[in-house]
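A short worksheet on the structure shown next.
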Amino acid sequence: MAVFSGETLLCIRGERTVFADLDFRLESGGALVLVGPNGSGKSSLLRVMAGLLRAADGALSWDGEPVADDPEGHAGRLHYVGHLDAVKPVMSVFENLVFWARLRGGTAGAEDRVAQALATLGIGHLLDVPGRYLSAGQKRRVNLARVLAAPAPLWLLDEPTTALDRDAIQAIEATIAHHRQGGGMVVISTHADMDLPAADVLDLARFTRRPRSVFQGQEDEDMDDEDPDDADMPAREAG
Amino acid sequence: MSDFFSMGGYAAFIWPCFGVTAVVLVALLVISQRRLSASRRLLDSLEAAEGPRRPRRAQSAKNGETAGEAQA
Amino acid sequence: MAGLLLILKRDLSLAMRQGVDSMMVVMFFVLACVLFPFGVGPEPNILARIAAGVIWVAALLASMLSMERLFQTDYEDGSLELLTLSSLPLELVVMAKVAAHWLTTGLPLIIATPLLAILMNLDPQGFWILILALALGTPTLSLVGAVGAALILGSRRGGVLLSLLILPLYIPVLIFGVSAVDAAVGGYPVQAQLLVLGGIFLGALPLCPWAGGAALRQALE
Amino acid sequence: MFHRFANPNRFLRLTRPLVPWAAGLTIVLIGAGLYLGLFASPADYQQGETVRIMYVHVPSAWMAMFCYSGMAIAAAIGMIWKHPLADLTAKASAPVGAAFCFLALFTGSLWGKPMWGTYWVWDARLTSMLVLFFLYLGYMALINAFDDPERGIRAASILVLVGAINVPIIKFSVDWWNTLHQPASVVKMGGPSIDPSMLWPLLLMALGFTTYYIWVILVRIHTEILDSKIRAIRMRQVQG
């Protein structure tokens, strides 16, 4: 039974406080859905969880061990799906995926894992098609197949359903359910309604703060000018 | 006096050295100072425009919150 | 280590498929050298005198030109994020990419050098030392360049900026590389220069991947 | 975290009164240095009156190196402890260092003409200074090449540290290269047996340049702090 949690996370991007004082807790088999308006920090939180972005304060922990102590070990137990699909145009779908499968899951049986992942997502016929011929939706599915081709307990999915049709979304729902049954966890940000039974919802709008300078406050005073009353203000997307 | 300005015949080398040094240093200073004044003016006008929307309230309560945050 | 080889193999096969990049770098190298006889005149002794310097400067520029792409495509298509999340230390990822860069540009440059040595009328005594000095120096160029390539990710003007950042840092390699060849041509010992080139390479080997890793991390934040 | 919010308003409050002091000291020190250097010191028995160029050349060269070391230290502090003021110090120092570096090159070449008979000699010292000038230009180009100012500072901090490791290597290789190519007779600038009548103006000018540096970087850091506040207001405006 693994536990992935974060405490008093503070994220500052481009001099802007994206979210502050954010706590979350996720156990094996759990799912966490991030909601909130554009720019409320859903992507930033996923990147913080992945270790791509360092939180300005607070700590992530895995089974009580601080993630910061072993960033590479943490990277090894998660899969991150961002806005970009990392599909090389000159390589076939199979070559693209086998590279990641080998890098993450070891060389043994990588080919089989890739073939199986492609079949699960219903794109087995694309096996030897070069990446440049793929549509946006197909690239997205190839990226998700990458996640399936090397097992890892934690999935961090940033809007995985963009460019996908209803059937594909159902296929993803099924794989997520399967992953959770096997003790995996999922953090997912999405606009579309996805069917994730017993998922926790984290509304990021609760943690946004008004933009202020790193050198906040007035020159004649020596204090923070944080305005708690403005916490419900939607924040600007940091990119 | 003209002896002084002719610098033993090397006036063409010595005076440009001092002149260019003065020009560069003064220019850098003036540019920096003007940028400061421009930023201050802009900040003042922006704060004035924003002022009514952000009344300063309950300073002491905020102070307490800051102290907690700074120690975190 | 296995991960390093995987990335190296992938980068090499990507370079093979795209193919043109290496060829263009070599062509630039040759063309840049060939311009010099037109510039300074075709007298064999003048060319022989400047041959080592010209070949080194051209190699430096060619290596730098190809540097910009080192992380750019992976940065743009999201692969770089995934590589940093591969549980492989980022320093090794940089190392693998530098190795691939050297194999696809540094090595072809060295292979093209004999042709240029003939065109530039280089004294035969300096020939092998030139090859050796390039073999010791170009990996350093790739290593130092990788730091610059990582720093300019996401900036407004990549290529020109990169040259401004890394060309000054290339000067030591240039000085010792040319000096080794000049010494060999003059019949002096070249051991000191080659040792310094090797020393610079050994110093850059741990430092540059470390700085490059730090640069990549901040670029992805 | 502590540093992130350690309030630079205290810095503003503490340093603003320093500005007039730095300004006054700069004027007094440079004024005294100029008086001693131009009127009260003798001409050199070898170099004649041109030795007076030394009073701007040598302090400029010192300051150019001093600023770069200062930037490297500030960048290291900024990277390790995430202190925004250290980042701003590095950023504010760059144009000042570049200006001093340019002045060292310019006055060096004007000094070279009567001494060497040519404006430029690939002398080890001048060449190193030229490379340092390029390092400054690269730093300033990089810091301004990003839309997000914080991103520029982080990238430039790494560059200045890499540069600082490289400077001794560059210096060493340029010295080597210089002895190899036997340059025109190098004029010893200064030297251990310098006469006190020359030492005083030199020291006064160097001190004056240092207070000038403090003056300008304070002004520039204050500007950066205000700009950061302006950006925050702009973001609030965008939010509506």
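To keep things simple, chains are lettered A, B, C and D as they appear, and every chain counts its residues starting from 1.
Following the convention adopted for this analysis, a contact is a pair of C-beta atoms (placed from the backbone, for glycine too) under 8 Å apart; a residue touches a chain by one contact, two chains touch by 3 or more.
As the structure is a prediction and not an experimental result, all values here were calculated from the model.
Chain pairs B-D and A-D differ in how many C-beta pairs are in contact, and the one with more is B-D. Chain centres here are C-alpha means, and the one lying farthest from chain C is B.
Each chain gets one centre point, the mean of its Cα atoms, and the points for chain A and chain D are 45 Å apart.
The mean-CA centres of chain B and chain D are about 17 angstrom from one another, to the nearest whole unit. Centre-to-centre separation of chain A and chain C, using mean CA positions: 37 Å. Shared interface positions of chain D, defined as residues touching 2 or more other chains, are 1, 5, 151, 229, 236.
Multi-chain contact residues of chain A, defined as those touching 2 or more other chains: 57, 221, 223-224. Contact of a single residue of chain C with at least two other chains is seen at positions 221.
Here chain D touches chain A in the complex through residues 1, 4-5, 7-10, 12-13, 82, 84, 148-151, 225, 228-229, 231-232, 235-236, 238-239, going by the rule given at the top. Of all residues in chain B, those touching chain D in their complex are 4, 7-10, 13-14, 16-18, 20-21, 24-25, 28-29, 32-33, 35-36, 39-40, 42-43, 46-47, 50, 66, 69-72.
Within the complex formed with chain D, the chain C residues making contact are 147, 151-152, 154-157, 161, 164-165, 167-169, 171-172, 175-176, 179, 196, 200, 203, 207, 211, 214-215, 218-219, 221.
Partner chain C is touched in their complex by these residues of chain A: 13, 50-54, 72-73, 75-76, 78, 80, 82-88, 90-91, 95, 99-100, 102-104, 107, 146.
Note for the complex: chain D touches chain B at residues 1-2, 5-6, 34, 38-39, 43, 48-50, 52-53, 56-57, 60, 95-96, 99, 102-103, 106-107, 110-111, 113-114, 212, 215-216, 219-220, 222-223, 226-227, 229-230, 233-234, 236-237.
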